[in-house]
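What follows is chain A paired twice: with chain B in the first complex and chain C in the second.
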Partner chain A sequence: MAKITFVQPGGASQTVEAREGDSIMQTALAHSIDGIFAECGGAMMCATCHCYIDDDRTGAASEGEQDMLECAEDEVRDTSRLSCQITVTEGLDGLIVHLPVPVE
Partner chain B sequence: MIGQIVIVGAGQGGFQAAASLRQEGYDGRIILIGEEPEAPYQRPPLSKAYMKTGDAGQLALRPAAFYDTNAIELRKGTRVDAIDRRAQRIQIGDEDLAYDHLILATGTRNMRPPIAGLENTRDLRTLADAAALRDALARAERIGVIGGGFIGLEYAAVARAAGHHVTVAEAGARLMGRAVSSQMSDRFAQKHGEMGTDIRLASPVAAVTPDGMTLADGTQISADFVLLAAGVVPNVELALDAGLDVDNGIVVGNTLLTSDPSISVLGDCACFPDPATGRLVRLESVQAATDHARLIAKRLVTGDQSAYRAVPWFWSDQSDWKLQIAGLAEATDAAETLPDGTVLRLKGDQVTAVETVNNARAHMRTRKGMGQGSILTKEDFVSAQV
Partner chain C sequence: MLDVPLNEAVTLADLTRDPYPIYKRMRAETPVVRMAQTGRILVTRAEHTKWIKENPEIFSSDDPTTPMKPAFQAHTLMRKDGAEHRAERMAMQPSFSPKVIRSDWADLYARLADEYVSRLPRGETVDLFTDLCAPVAARILAHMLGLEEATDAEMIRWSQSLIDGAGNFGYDPKLFEISDQANAEMNALFERIIPRQKSEPNNSAFSVMLNARNPIPLSQMYANVKIAIGGGINEPRDALATIVYGLLTNPDQFEEVKRQECWDDAFEEGVRWVAPIQVSGRRVTQDVEIGDVAVAKDERVLTIQASANRDEAIYGDTGEDFNVFREKHPHQSFGSGPHHCAGAQVARRTLGQIMLPLLFDRFPNMTLEDPSKVVWSGFGFRGPLNLPVTLN
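Take a look at the complex of A and B:
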């Protein structure tokens, strides 16, 4: 188990116990975290699980992930990631995930 | 505000409609009815990741608690028998259920072509099908596949990678013939051939036995089991019996409403006007299901009568190739391959669809451009080539 904290754009945060082997996206869905839609189910087709993570432990985004991020609906930053592409491990305990401001 | 919305079909589109209604702020009753015993789950991975891993826990669209938290009354394992439009009620066995608005999300079922011995084939449509196929795969050496479309080829790629002998019999002249250009069909035929899969084109299957399949030309293909993946047909019977307009799907207008103002239709079973050309189309994709669902939810909650205009997109994972399609081409549209392998579908100078392999950048740029309403031309893509 690893504790992951999701922070909404307004500052509200929720810390959840994530199951190892799940992706951050699946963790968010399992805990009904707002802002992660994950339409394609983790197939790297939709960029609706976009989040911001400023933490070296998650490594770098792959080329394919970067290409998808480029077209995310929300504001793209240097820390942008697709949460479906990050697998939870014990080593990620304490990870903080910021969610984007929703685009209407 | 509408008091009670009933959604028939608890696949990805039906689920999305329920979720989007709540997101839009709808506070009436939502009843989501599905025939399968499971809560809504993702179907695309059944022929991809799930077939490799067997991990059904990864498929659920939301955890069980989601439905309680959002007051979505999920009725699994339930079949709707009829719609009484005048009374605005649906019939489930002996039970009557009223609706103020009805959303039909009945999806598709496997097409069963007139082939002798079809009862000897297996389906790959539901989680139960996929689980049974995984079990059979573990015991099989030789596998036959009827149909060289997305499901048949995705399955063939997984089975071949696991070391099985795989023969794909496609009745048409090329693979994925309804969906991609002939150039792309050829590339995939070559890819599967290089993997060691036996691809038989223009090879309708005449008969299936417990020992394999017989092609129309008499060729015997021995197989421990045969997968039927010859396409799907929309589930339109409920709508047809209720007197709604049906034409390769349940016909709706550009707000996805039927001729009955109390009934909307979404996803694989909807026959809707293509925003780009106005022609009636039916798309079998996650994209159409979810975009339809969001539009309908918004219309019902806010009264927004905007026409549907989402850009179609699609993907298929076959071995280490990810095929992506953005836009929607007609069969008669031209096809031109660019130096980087991107295939443009063209109506005159205008790009109607873009087919790529392992090129998310070109795919997403197309979706973005089309989504902004831009007319994309060949030049837009030629200038982007490096």
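Take a look at the complex of A and C:
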């Protein structure tokens, strides 16, 4: 188990117990976190699980992930990640995930 | 574990006419069932269809036995898996990204939508399907693909020829003659406009592919553009017609949608209610269980997203109804997994945020006098074939 904290653009946050082996995206869906849609179900094909993570423990985005991030709806930053591409491990305990501001 | 049950009664003609009562019964009684007429296995429950789409190692898109290859004269990305599929898809994905939709297509579509809606005669009864839904879908697509030279009529005819060819499971040579003719016309146009695409690059799909740093082979660019023509007209066309039908046959909801201006919700409910692409095919790569049914390697399964979108397990007893204000649940009309619809964002933006508000701002009291005159048809692709509305 690892504790993951999701922070909404307005500042509201929710800390959940994530199952090891799940992706951050699956963790978000399991806890009905606003802002993560994951339309393609984790195939790195839709960028609707976009989030911001400023934490070295999650490594860097792969080339394919970077290409898909270019297609994200919301503002893309240096800390942008697709949450489907990060697997929860005990080592990620305490990770903070910021959700993007929804685009009108 | 059960063997795959056999359904010898249901025919493609039944499913083309009115599939929903049949799917409802299948979900309840035989959610994984072989349809004798096609030999293929129909999967009708939401949890199974989603799972199949999201596990391409077990359920491959690569199926050499479909008529898609002769219809498109190419092995297209729709029938590929893994890295090969990704490379071809990502070659044109930038053209359909939210960024480019905002920078290029949204304003253009707003202008086109205004132009086409402005042609409609107030106070008269018109067929909205032929007078708006199809041509406006063709025009925006021509721009997004970089084929401005093609007429609406050509785009519509090519699209239909490709679809009819790709659905030609009976391998009728006449249908392939028609798709061959369309392919020849499209190839000639593509060849003619390559110099323009190279000298004046823009964000259209053909231009982006041609001018990429590491371009995919030209033959695959052609195939990609054809896939977009085959899929990019009938789907927004059918979605628009379906949503308008749903609203006009549910006046209470129509009034409330106008009041709340929740056109995005009307869009999502319309495509949930009658998915423009109802069915997808996959090849089974290993012995597997779908629910409690054993399915053998090399079987062909058809996921019925049309049915998944009305599954009682998600929508209770009301899935068959058009209800913009239902509790929100993700539908499967854009699919899931690696082949998730590349045009999903384009469709949401153009139809949900531009066309619907514009159309009903112009004709807030549009009516459909006789819904029984609307003919619905389609097994693989479904929508109304006509939509006689009075414009007020």
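Please note the rule applied: the second predicted complex is superposed on the first by the 104 of 104 C-alpha atoms of A that agree within 3 Å, B and C clash if a C-alpha of one lies under 4 Å from a C-alpha of the other, contacts with A are read in each partner's own complex, and residues count from 1 in each chain.
What we mean here is this: a contact is a pair of C-beta atoms (placed from the backbone, for glycine too) under 8 Å apart; a residue touches a chain by one contact, two chains touch by 3 or more.
Since the model is a prediction, treat every value here as computed from it, not as a measurement.
Which of the two partners, first being chain B and second being chain C, lies in contact with A:Gly64: first, second, both, or neither?
It touches chain B and chain C both.
Just to be sure I read the superposition right, which of the two partners does A:Gln26 touch: chain B = first, chain C = second, or both, or neither?
So A:Gln26 only meets chain B here.
Looking at A:Val103 after the superposition, I want to know if it touches chain B, chain C, both of them or none. Which is it: first, second, both, neither?
Touch status of A:Val103: second partner only.
May I ask you to decide whether A:Met45 touches chain B, chain C, both, or neither, giving the answer as first, second, both or neither?
both
Overlap of the chain B and chain C footprints on chain A, residue-wise?
After superposing on chain A, chain A residues 39-43, 45, 64, 67-68, 70-71 contact both chain B and chain C.
Provide the residue numbers of chain C that touch chain A in the complex, in ascending order.
Going through chain C, the ones touching chain A are 50, 53-54, 56, 86, 89-90, 93-94, 96-99, 330, 334, 336-340, 344-345.
Flag every residue of chain A that touches chain C in the complex, lowest number first.
Contacts found on chain A: 37, 39-43, 45-46, 64, 67-68, 70-73, 103.
Which stretch or stretches of chain B touch chain A in the complex?
So the residues of chain B in touch with chain A come to 42, 44-45, 48, 58-59, 61-63, 65-66, 69, 286, 290, 313, 315, 317, 324, 358, 360-361, 364-365, 367-368.
For chain A, which residues are in contact with chain B within the complex?
Touch residues, chain A against chain B: 22, 26, 29-30, 32, 39-45, 47, 64, 67-68, 70-71.
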